[in-house]
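Both complexes shown next keep chain A, but they swap its partner, so chain B is in the first and chain C is in the second.
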Partner chain A sequence: MNELQFLTWVRGPGLNIAIAIFLLGVLWRLFEIYSLGRKKDLSAPRHTSGASGLHTVFRRSLPPPGMLKRSPVSYIGGYIFHVGLAIIVFLFAPHILLITNLTGLSWPGLPSQFVDMTAVVTMAAMVVVLVDRINKPVKRFLSTFEDWFAWAVTFLPVLTGWMAVKHLLLPYPTMLALHILAVELLLVVLPFTKLFHAFTLFGSRWYNGRVNAHKGVPV
Partner chain B sequence: MSASLEKGIRVLKEVIDAPIASYFNSCVHCGLCAEACLFYTETGDPKYTPIHKLEPLRRVYEQEYTLLGRLKKLVGLSKPVTDGELDQWQELVYNSCTLCGRCSAVCPVGNDIVYMVRKFREGMSVSGHAPEGIDEAVRRTVTLGSPMGIKLPAVQAQMKHAETNTGLAVPMDVEGAEYMVIMSSMEIINFPEYLESIAKIMHQAGKTWTLCSTGFEATNGGIQLGNSDLAAVIVSRIVEGAERLKVKTVISPECGHAYTALRWEGANLIGRPFTFKVQHIIEVLDEFRQQGLIKTEGFESDKLTFHDPCQLARRGGVIQQQRNLLNSVAKNFVEMPDAGFMNWCCGGGGGVTAIEEAEPLRLEAFKRKKSQLEAVKPDRLVTACAVCRSTLEEGLEHYSMDIPVVGLTELIADHLVETRPLPQKEPQA
Partner chain C sequence: MQGPLIDSLVRQGVSRRTFLKYCATLASMMALPPVAGRAMAEAMAASRRPSVIWLPFQECTGCTESITRSHSPTIEGMIFDMISLDYQETLMAAAGFQAEEALHTAMKDNYGKYLLIVDGSIPLGVDGAYSCIGGQSNLEMLKEVGKGAAAIIAVGSCASFGGIPKANPNPTGAVSVSDIIKDKPIVNIPGCPPIPVVMTGVLAHYLTFGSLPELDDKGRPKAFFGETIHDRCYRRPFYDQGKFAKTFDDEGARNGWCLFELGCKGPVTHNACATTKWNGGTSWPVESGHGCLGCSEPDFWDAGSFYKPLSTPADPLKFIAAASVVGAVAGVAVSVANRAKKGAAKSAHETTTLADLEK
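The block that comes next holds the complex of A and B.
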């Protein structure tokens, strides 16, 4: 397989397979998790304004009192790379074009220089949180292979994409093919690793908010 | 696999629900829950990270309820949960967790970690891996009626004592009374002023109330042990008593877990909603105050601060009432850092005080409370939970801090304006 054949494969069958596994995986995992259900709470509820599942879905996006100071790298680094990834994935013109081709949906993108800068900042933030994971005793203690692996499969698409745009190291078609392959790897593993928090986080926050709202406690 | 382990795993499988599945899938190992846990912050030992305390439960979830986990189990790639492991986890699930729920309040992905610890304890208890201290206390409650072995005569003696001291009747088994009062053993034995305060307050408020001879013990170690069957037996005594006496409201005493056990878990333990209301004494007092049923006079002039019992505030939703009450009788009430919703646990909740071998760790964790107190330097410390109170007293003594601890109910009773005459004193006058 030469470079062009490789690129053709990752853009065609490779992408289709990855998207299929991703979609079926997400649906299966969501079913597997939420079909377990939960028992109805029979205690008399207490009603307090600001306490509900939905409130917590939003409220938990901000650090609770005192927490930012206790773990600034987690919060600041976390915000930067999550927002950065969202900008890169959804607001880079070539990515929007791909989504348009797949779904017909389209929206305006950001200037490529801005996305380029975002990619650099995102990678820097990801390296910082990785170093933090290595340095902080609690994070290191909790880390398993999956944590390092999830970091790598998230980092690689950003790195290869940025290098492709910058024409670094390898010829553009090869780097682009590697970039797409890295994204496919990410799509395939996302439903089956901790990266699935991208989906379950809403359910988790909602349950926590709901269970505590029953007691009249806004969490 | 031993029979008890098999039973334990079966129970763990039963308690795993959609929220738990969602929580385990959401955890990104950020470790922020550790920063919220006093057992981690005061020891610096990563093993006390709250989410880590659930590792065996997580593996049961993965192996039983996920496709990949089941496949891994099928080909022998997964590590089964063993008796040895659960034994090792006892310290993490019980000794170093007071069910305070701070971790659940900070998790960025929203995991309700304390919800999972409570459920994990169900399996720990059934498989025989709960600490002896809690286990014995619960069994004493089931067989004798109270964790400290207190029986009805002790309560009756306490009633007489209160009647003599206050000149008021302390009713027992009065059908149709508006309020039924229950007490924690600690209040029956160590803090008799509670019952006296109740008698005075109810008299001034003009409310009918009663104790119940078949349901006087409020504490329910069953929920701390994590044994819903035993917890249901214990809570049923109160439910049956309240229904027999047809009371409108049962007043949970100054005890955090008793409140959680009755107010939030009770109906779920017996499988049906209650026919009566459950209120914490602090809620009742603030209601009386708002309705003008009780009035207070005079102010404490020394510097007071309030320790929020976790089960009352963060886990129970009673946060403002105690502040209203304190401000009505204290001129110099100051808040500790993180007071209210995010208050730090005294270190003794969740059954921890019943675990003898956990004492050194509990005193280590108390350094958090110590530094909170050092920030405000109060003359006295007020709280509304008998377990908090004795844990605080022990901790303060251990660190040679001279700060008396008082219960909020008795503080309010001390300031009551006595507008209604004492019935028993009238003939004497």
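The block that comes next holds the complex of A and C.
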């Protein structure tokens, strides 16, 4: 397989398969999770200010008191790479072109130099949180294969994409093909790993907040 | 036609000086040292032309057209004429049994020494019945003639990689020469059509050094296929500056900006068009304002639209409807199973243990 055939495969059949598995998995998991349900709480609801599903959705994005000081790397590193990923994925002009190509939707992008810098900062933050996970005995003990794997499949698209833009190591088309392949891997594993939090995050926060609000507890 | 080449050239009005210049150019194009030009001239001028048998299989004769007719008379064309081309159906006067006889005589007289040129792919479907010459399938013919060849030159994308006949869905089961012949040196000169000077370059190298030039992993001469169109494209600076033509008649196109966004396959295509150009050095596709189609790469016909940029997906939403339905059905099925399990546990008054929670 030469680089043209490789690129042809990743942007043709490979991408078709990856998008199909991604959609299939996402729908499957969403149906499965949201149909589980829970027994109805028959007690009279209590009303406390600041206790509701919506409150929890926002509150859980902020560190609980004292936690920022106790594990700054997790919080700051986590914020940086999540915001960075969102900027790279949704505000990089070529990615917007791709989305426009697929859906017809479009919005203005950020200057590529800025996205370039964001990618470097994002990768740095991801490396720092990885090192932290390796260095802290408790975190290391709690980590399973899935955690390392999820980190790798998130990191690879950023790395290969940045290297393709910067024309590093391999010819641009080969690097671009590797980038698309890395994204395809991410798409395929996302619905079936902890990365699915991208879809369930706000739902579960709302759910927890709602259950606790019924008991009158603002969490 | 036998006899030293220089005599025939002189008869056709080509001076020794012109011939020397031509050989020096050829040598430099093939990245050989300057002295090689002289050696090449001497070897070629003196050599008796080796017998060449040209087998046309599933092809459109575009390769032959390219080499013999595109801009005659060139020195390439004439050298090609001077080769002892003992069998070439398109060019030879003989036909029918006479032609077959010429083929067999050439094979017998030069067994183990002749060069075999093949253009066109070889169909394997229906026992090769899709393409026959004189009642013999291309497959049998290639095997028979290939056995006595010193080397095989696969001219054009069809002979090199299967080309357009092999394009999806490949109705005739077309394959390349190297898919069939495994025990002979094979040079692939892909292109649709290939560049004439590449072919004469390979022939000159063979005549001068008695060996084939250095080849890449696709069996192509490195001297001509070592770099991509994109590496050598005169529009490359615009690519590096991010200046792209967005349509074929916008300002960018008129300013000669890069055609990448209009689907140019230059970055993944290894060929010499950007340096040798076409029609006697007049122009070449990108210079005429159209992106490279990637015709010298394997399976170029199936590489998506010619007009879609390399970086955008070909047809990514092909399976989404089916995938959505399957996903939703799977989700609902699992939900029903979960609910049934829950109901059964409830009616059996099952208790939850610590072990359950650790599952």
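In this section, the second predicted complex is superposed on the first by the 219 of 219 C-alpha atoms of A that agree within 3 Å, B and C clash if a C-alpha of one lies under 4 Å from a C-alpha of the other, contacts with A are read in each partner's own complex, and residues count from 1 in each chain.
By definition in this document, a residue touches a chain if its C-beta (ideal position, glycine included) is under 8 Å from a C-beta of that chain, and two chains touch if they have at least 3 such contacts.
No experiment lies behind these values; they were computed from the predicted model shown.
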{"item": "First (chain B), second (chain C), both or neither touched by A:E3", "value": "second"}
{"item": "Which of chain B and chain C A:R205 touches, first, second, both or neither", "value": "first"}
{"item": "Touching partner for A:L42 - first (chain B), second (chain C), both, neither", "value": "first"}
{"item": "First (chain B), second (chain C), both or neither touched by A:N16", "value": "second"}
{"item": "Chain B versus chain C as contact partner of A:G66, first or second or both or neither", "value": "first"}
{"item": "First (chain B), second (chain C), both or neither touched by A:G109", "value": "neither"}
{"item": "Which of chain B and chain C A:E32 touches, first, second, both or neither", "value": "both"}
{"item": "Interface residues of chain A shared between complexes with chain B and chain C", "value": "28-29, 32, 35-37"}
{"item": "Touch list for chain C against partner chain A, complex", "value": "218, 228, 265, 267-269, 294, 297-300, 302-304, 310-320, 322-324, 326-328, 330-332, 334-335, 338-339"}
{"item": "Contact set on chain A toward chain C in their complex", "value": "2-5, 7-8, 11-12, 15-17, 19-21, 23-32, 35-37, 94, 97-98, 101-102, 171-173, 176, 180"}
{"item": "Parts of chain B lying in touch with chain A, wherever the complex brings them together", "value": "16-23, 25-32, 34-36, 40, 44, 46-47, 49, 51-52, 65-68, 104-112, 115, 263-268, 271-274, 277-278, 314-317, 338, 341-342"}
{"item": "Chain A - residues contacting chain B, complex", "value": "28-29, 32-39, 41-44, 46, 48, 56-57, 60-61, 63-67, 70-71, 74, 78, 136-144, 147, 192, 194, 196-197, 200-201, 203-209, 211-212, 214-217, 219"}
